[in-house]
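Paired with chain B in one complex and with chain C in the other, chain A is shared by the two complexes that follow.
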Partner chain A sequence: MANPNKKKIVLPVAPDNQAHGPVKHLHSKKVKLPYGVPGHGLTEMEREVSIDEPPPLPINEKLNVVGKRTKRADAIYKVTGTAKYTSDIQLPGMLYGKFLRSPHPHARIKSLDVSAARRYPGVHAVHVLKMEPGGSVERDSGHDAPAETYNIEELPLLRYVGQPIAAVAAESQYIADEAARLIKVEYETRPFVLELDKARQKGAPIVFEKVIEDEGNEGDVGVTAAEDQEGNLRGPSTGSFLGGPRGDVEKAFAEADFVLEREFRTQVQTHCCLETHGVVADWQPDMLTVYASTQNTAGVRDDLAELFGLPKSKVRVITEYMGGGFGSKFGAGHYGVMATILSKKAGRPVKLMLSREEEHISAGNRPNSHQMLKMGFKNDGKITAIDLTSYGTAGVGLGAGVGRIAQDMYECPNFRTAQYDVFTHAGPGAAFRAPGNVQGVFSVEQMIDEAAERLGLDPLKYRDVIDKHEVRKLMRLKGAEAFGWEYKKPGSDPGPIKRGFGMAQGQWTRFINLNSSATVRINKDGSVAVMSSVQDIGTGTKTILAQVVAEELGLAAEDITVKIGDTLYPDGPGSGGSVTAGSITPAVRNAAYKAKMDLLGQVAGAWDVEIGDLEMKNGDVYSRSDSSKKMSFGEAVKKMRTNQIMATASRPDDYGGFEIGNGIGYGRLGSVQFAEVLVDTETGFIKVERVVAAHSCGRPLNPMQVESQINGGVIMGVGYALYEDRILDLNTGHQINANLDQYKLPYSKEIPKIETVIIEHYGAFSSTDASGIGEPANIPTAGAIANAVYNAIGVRLYELPMTPQKVLTALGVS
Partner chain B sequence: MNRFEYIKAPSIDEAIDMMDSTVPEAMVTKTGGSAKVVKAAGTDLLDLIKEGILEPGRVIDLKNIPGLDKLSYDKEKGLAFGPMVTIADLENSPEVKKHYRALHEAAAHAATPQIRNMATMGGNLMQRPRCWYFRSNGHHCRKKGGTTCFAQIGQNQFHSIFLTNVCPCVHPSSLATALVAYDGKVELTGPEGKRVIPLSEFFTPSEVDVTCENVATSQEIITNIMLPPVKSGTRAFYVKHGQRESYDWSMGDVAVVMQMDGKKCQDARIVFGAAAPIPLRREAAEEELKGKTISEKVIAKAAEKALEGATPLAQNGYKVPLFKNLLKRTVTEAIG
Partner chain C sequence: MDSPTRYCRYLRGKNAYGTLEGGDKPFLNFDPATTTYWCLHTMGPVGPDSQPAHLTTCGNDKRKCFAVPKEREEL
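Up next is the complex of A and B:
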């Protein structure tokens, strides 16, 4: 049985965190790959790679499909409403599920009576969740073996408003909703604690009496030993997967010319997936089929197989279209497990989609943070030491670390950190678009700006002094050009409405998931398909897979059928940590290359030429040496001896190996964003007018989609900077803005003019040399806006979100 | 959402016959699926039902009743519109834009374009507050017949700064701010016939009855809304401030209607929205303007006066300077 206390680590970090040497190949070859940035000293890098690897792909300029602005493969289905999301799935005889959730932040169940719900006409199944008390991840509270019966004493302690207790399945959503309300529960309420500061105090109500034995903490990380749990405090984590403390911080502070010490606070942000979390589960004797709104079809399959004791081959998870996850949709989830239980009990498919309120309170969030940051500087600008202490709460979950930006973005020989998770009686956190780094930029990048001002330097130029990242340097240059950057004295505008300019930069680790396989199939009728369980979570994965196959086979992207998001196909990676493009596209290219070699072998046989003499381009197959030997792809496939050619390939290690473990690549994905804001000093209203976002994701496979990801990241960053805030009532533990009216997202007029600058950067890492962009796009936005607000009004805001209330308070007018 | 009966009323009289409570009554005294209430577009009513805080037995739709969506303007009589006139109708009416600038501005800045297309003015005046405790099924507060005001002891950043003693929710209608400034009236029709009352008396503070926001009784329907004609020399403006521009509930809105003789102010009506449980006249500030030549100094003095007596809560002190500045801007814009 699965241990309910074990939480999955989302990021693909090797368990031992040890770097291993490059994989040995029986037959290898040396190849030269493009390296650097075209137009900025592009060179070549020689790598020794497996003999099976396809030839190096030249830079985008020399390609036909990859790197070209290519229309999203499924755009038409989305805009016409024919795309079927999980929430659109209808199966014959399907039932609808509804949870009963805890109305109390801390309570024991004294009695529970489901009889009225069971008797309610139209109800087919009722299930009460029995869960080992002490589990830390109530979000995945189904991670016990689903039991048929329960004793009241065995029912779990309720630790947050929204914790699932039981659920019903009925013939309509209305019946299910009504029946769930008929479950009678008596609660014995207990004292609770919600605030970060209060939860740390002696005598605060304790969230977990037991030590939580999670393996690690997905937010930032550093593995915190379970023994380091005292009261509601767990930690400190003194490093991350990038390493631990370094140098002598105290000595370095003593030697610094000046030291800055500030406190920063960030809020809890909820994911607000437009499609809420949910599944349709169909338990059949020979197969469990689950339509899931997930970022990881293979992960959901693995969870369910483990929990229900099924072979993986008998669990099928399908995600054809997905309406947003942002890190919160990985495992089977309490809803997925519950729907499966209910389907098994009722013998009918069960759909269980969370309501908007449930989405806010039980489906994950970005933990808040209280950061105490201290940095020492020399008068020449050099950073001598960084010391970061932080507290954050992921409610009943873990993952509130914020330290990787402080640790890893600027060169600094002396670094120390102590990061704590604080348990509170609130809904569990979950990975959220660049966990930790978004919070980290808000503090570090504001402090860098303060140091620049102290040094009398333009903050942009100052970063040239302290930042060694070559690609980011280029981003500053090109971004500043696009933005028209000119340093302006803080608070210097006359009149009540003041304009400000600011910038901030960010960094994300290049994660690779080796569980990335794909099959390419060429049919004798000339049709080509690529298949993998990898899912398109809205980022455009389908389109880039089609592009990569098309490029290899000399076809157009539209010629390729992409079948993904189904665990019947080869395993693909989960889409999180910005791993997808960098992990799956090399597998896809390699599979396409293998299939192509197979096809060319058969054509070469028919023509009696060498395979190496054949080329596939512009829909044709031809001999380079003999121009009379040429035919269309459609004719070429007729030469196939079998009806089908099929090849499967998996993601090999990065060319040149990994920096850490078997998933952390060399190099970091940098980013630089510039913001222009208007601040009304009489009303406190902030308007973000313009953002220029300079990014790199290795080889941009489809610039249009890269821009789209950057737009989304910036918009999300604007929300985080100015509007979003999960507001809990401190007297009852309820989130009082658990809707999309009072929980404020940016809407059309809040979205600034966004201009993107994409740096095409080759690192010679794989057969496509692509990397991710989802997370980098979101990292620096709030920091850039904060610096711009300071530039406008000359007063610094140390707390998010920057609401009119906070602006007026900071200006001292209220 | 509970099960309820749904009927379309063919006429006002029949609607009055079919109904037996206001929504406030349905939430406090006629609970448990027995109340019979009227519905216009349902943008508020259905939300209350979906949130589970209103469980009606019957919903009577007014939308098939002919003649309730007429808007007319007459130089002598002023503006009159039926309860089924939408916010978008007001926003798009050339007469409103020309003669009632503050109302036009209020309509143009309310809700979202989609909601404005649906939302009726009868429903707008009758809508329930947006206090997040009131809207939450988990908080049985005073307004719902309970004994606690969760806002007074909890999260109150968007709440009232005036009349905060009993229930510091703010009145949700930002249109009402402008309508009260124009000295509007409503016509209510009930079993005993019609009555016409000034809007300033229609809205009632929580001290009168915390469970409802106006004087409408169990079987009364708003059948007309009237504004007096504007004289030449009337200067008016309206400003709404939210956290977002696209759509947001007001953090503070101000309507000013001034009767000017050149630079001299003869008469003024100033109303604050989202400052109190009712659209709030600021008479002391009006007095500061009356009979004066309007200057920056006069405006500043009026702004000070307007905030006298404010009793902000723990988290909404920022509203005091906010309203001062909004009032200054609104007056300046009105005469500018």
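Up next is the complex of A and C:
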């Protein structure tokens, strides 16, 4: 086992080249912005901002478009089926791709013959992956070339079922599927290990023989990432950007009034986006065009430009509509690179969309975890020490840590963690909606409930004692009111079907991506468009951008044309980490403001008034001081000296700067959820009846869409708590539930009644003051359900998913 | 002169902050424990030499697949 004592300590510092504190501007102004929560001591915060920033927006109730329930700009296209997703794209002469994937969890390829596939009628290109620098780049040309001879040493060692080996492109999906089956491969199988606990044992089959000495390079924010590897065990990671170990944990445990120590386990959750991962790649001499189901159009472009040696201007990535992404659709992906190679070889566009089975086995997953959590408490409730050790497997990948909940959510002067990755012969993990924090809440929030019980306190009131987050305190208050919270003695219901109430809370960092730019164009015909490469992954980004522009120009949201998801436009952020709204909407508002000032300047010239005297509202342009000077927006644009006004802006630093680096904002996004469950103690079935979800995302730009995001987060949390679980056949390494039948997601009957409470919270961070909601909506759900299950049956479940079998086992009736 | 970025230009990562790129961009490795890494060449979590893609190993120019970052190449 690796020795944690020899690890370097993670440094909580940022290097000199990162911004800190208030930002200085050559030309600045002081402005006062709303600060706090309306109805709960709302005040103002003075900030020094760039002279170019638009005036502060007042709170939502004083606005016309922003903050209002606004129907999705693209709803009609989605419900009528006219919206074109990547999987709907059809191009002239388009071919279809299909992968050949490893059928073994650990094997060496002894021989490989693609000649039959290459000869199969309708096949236009075949490509074999090779493990050498440049190995993914074309080496032969055209399907008429003689069959290649492969040096088996350059073929990849196979380490999981589903690992790509080769792919074909053909005139139909059927032909491609058949041709992929015709690729002949001889395998030399090897011992493998699939289970987390067994992979840690001495003598377990090794996934990676360690041949590379780690250098302990530091990340650019000063996080020391030096880790050790012994057998399949790698790590530990002992901290994050929030710091490393602190205080004297052992002393604090010794001085605690009581100590709780428990083990928790969470499962592997696979990505189940309704639109599978995939692209259509069209390699042309002057331009590579890729239609991608991606969360990051600019990232896909950058990957392909780098890999194929193309200038970024010669790669165009388009994502007009996107059928869901939860962290795994970043980068070009193995399917994106392969489709591009096949298109280049065939000279025709190639569509390569993963099947549902491929999605489960190769597109990424949330790693499992085995957490050993120990916490010390004083009798007044104070947490004195936290010690968290975790093991998790991201298969052949890394990143199985359990997040920052234990480190950061509650005040505790003594903290340490050791989070280990364990390699197994299984598909690689990927970022998944609040990486680590979902697992972390399941353990920490159950232990907080246990402590409350030990202290004889209502768990809700106990959190008021130990949680210093002011907005979350308000969430508890408002959420409890909506839920009708009343603490009930665990397991106190008579009869076999028992009702339980539970709550849990979560935390997420405010991340900002400064690579967020947009252009606003006002045309002389009165039409207005906003453009950015930012993509709408189904969350409603198009709608909030239209709202922000409309608010600034005094128009209605439906007056704004939103053209996004195309790298021909200014770079937008990737949509992950709940960064999108907080990153792109200030850029959009600032661009709209610049365009507006340009237009007003021209109108002011025509009227011979000062620009500052002019206002745009309710579709009109008018003078505040002279009521005779008023015209419609349509008339005003006719005074433009050119056919269009165009302005581009990028996301400035947060007002007041960043807490860490160029992107970690001050303030945490809290969340609190309450769950009501029914547990049948004879069958073990759990039914989540109701969830009340209290959240804040800064200024809610469109409450209807915020609710929609929260609903999705809760539903995903219910699936994680009760149903979803990747099951691998221990004899073959194959996932036996690689479908949406046996890999169970919540269907309509399993979805609880969801009630949302949105706290409108102003932090004076930007020209829109918006933050994200995607991650926070999902973080506390499983913890809240687990606490409710305990409240129902009086027995605690420490392992996800909480299946009927586990309930019966816990009750001692199985 | 600022010291050049040390990471292979083909290293990629993803964490809560977003996509991390090797080579000519800062590698904002905010949270190593929950960051996933991959190699652009293999589009998987291993490099062309069949070893893991990771921040601590892909800055190692002893690795045979190490590719010099663009800005360093120009020096």
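Going forward, the second predicted complex is superposed on the first by the 753 of 814 C-alpha atoms of A that agree within 3 Å, B and C clash if a C-alpha of one lies under 4 Å from a C-alpha of the other, contacts with A are read in each partner's own complex, and residues count from 1 in each chain.
One rule holds in what follows: a contact is a pair of C-beta atoms (placed from the backbone, for glycine too) under 8 Å apart; a residue touches a chain by one contact, two chains touch by 3 or more.
Everything numeric in this text was worked out from a predicted model, so none of it was measured.
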| Given the touch rule stated above, what does A:F501 touch, chain B (first), chain C (second), both, or neither? | neither
| Is A:Y462 contacted by the first partner chain B, the second partner chain C, both or neither? | neither
| request: Using the touch definition from the top, say if A:F658 reaches chain B (first), chain C (second), both or neither. | output: neither
| In the superposed arrangement, which partner chain does A:F264 touch: chain B (first), chain C (second), both, or neither? | neither
| message | Counting residues of chain A touched by each partner, does chain B or chain C come out ahead? | response | C
| query | Counting only touches as set out at the top, which of chain B and chain C does A:S240 meet: first, second, both, neither? | reply | second
| task | For A:V813, select first, second, both or neither according to whether it touches chain B, chain C, the two together, or no partner. | result | first
| said: Can you tell me which positions in chain A touch chain C when the two form their complex? | reply: 129, 131-136, 156-157, 159, 163-164, 208, 211-217, 219-221, 223, 225-227, 234-235, 237, 240-241, 296, 299, 302-303, 306-307, 327, 330-334, 336-338, 364, 394, 396-404, 419, 428-431, 434-436, 508-509, 511, 513, 573-574, 576-577, 579, 660-664, 775
| said: Considering only the defined contacts, which chain A positions touch chain B in the complex? | reply: 103, 161, 174, 177-178, 496, 682-685, 687, 722-723, 727, 729-732, 734, 736-737, 741-742, 744, 746-750, 803-805, 808-809, 813-814
| field | Residues of chain B that touch chain A when the two form their complex | value | 1-3, 130, 132-133, 136, 138-139, 150, 153-155, 157, 241, 243-249, 251, 315-322, 325-326, 329
| remark: So, in the complex, the side of chain C touching chain A is made of residues 5-7, 9-10, 12, 14-19, 21, 23, 26-38, 40-46, 48-52, 54-57, 59-60, 62-65, 67
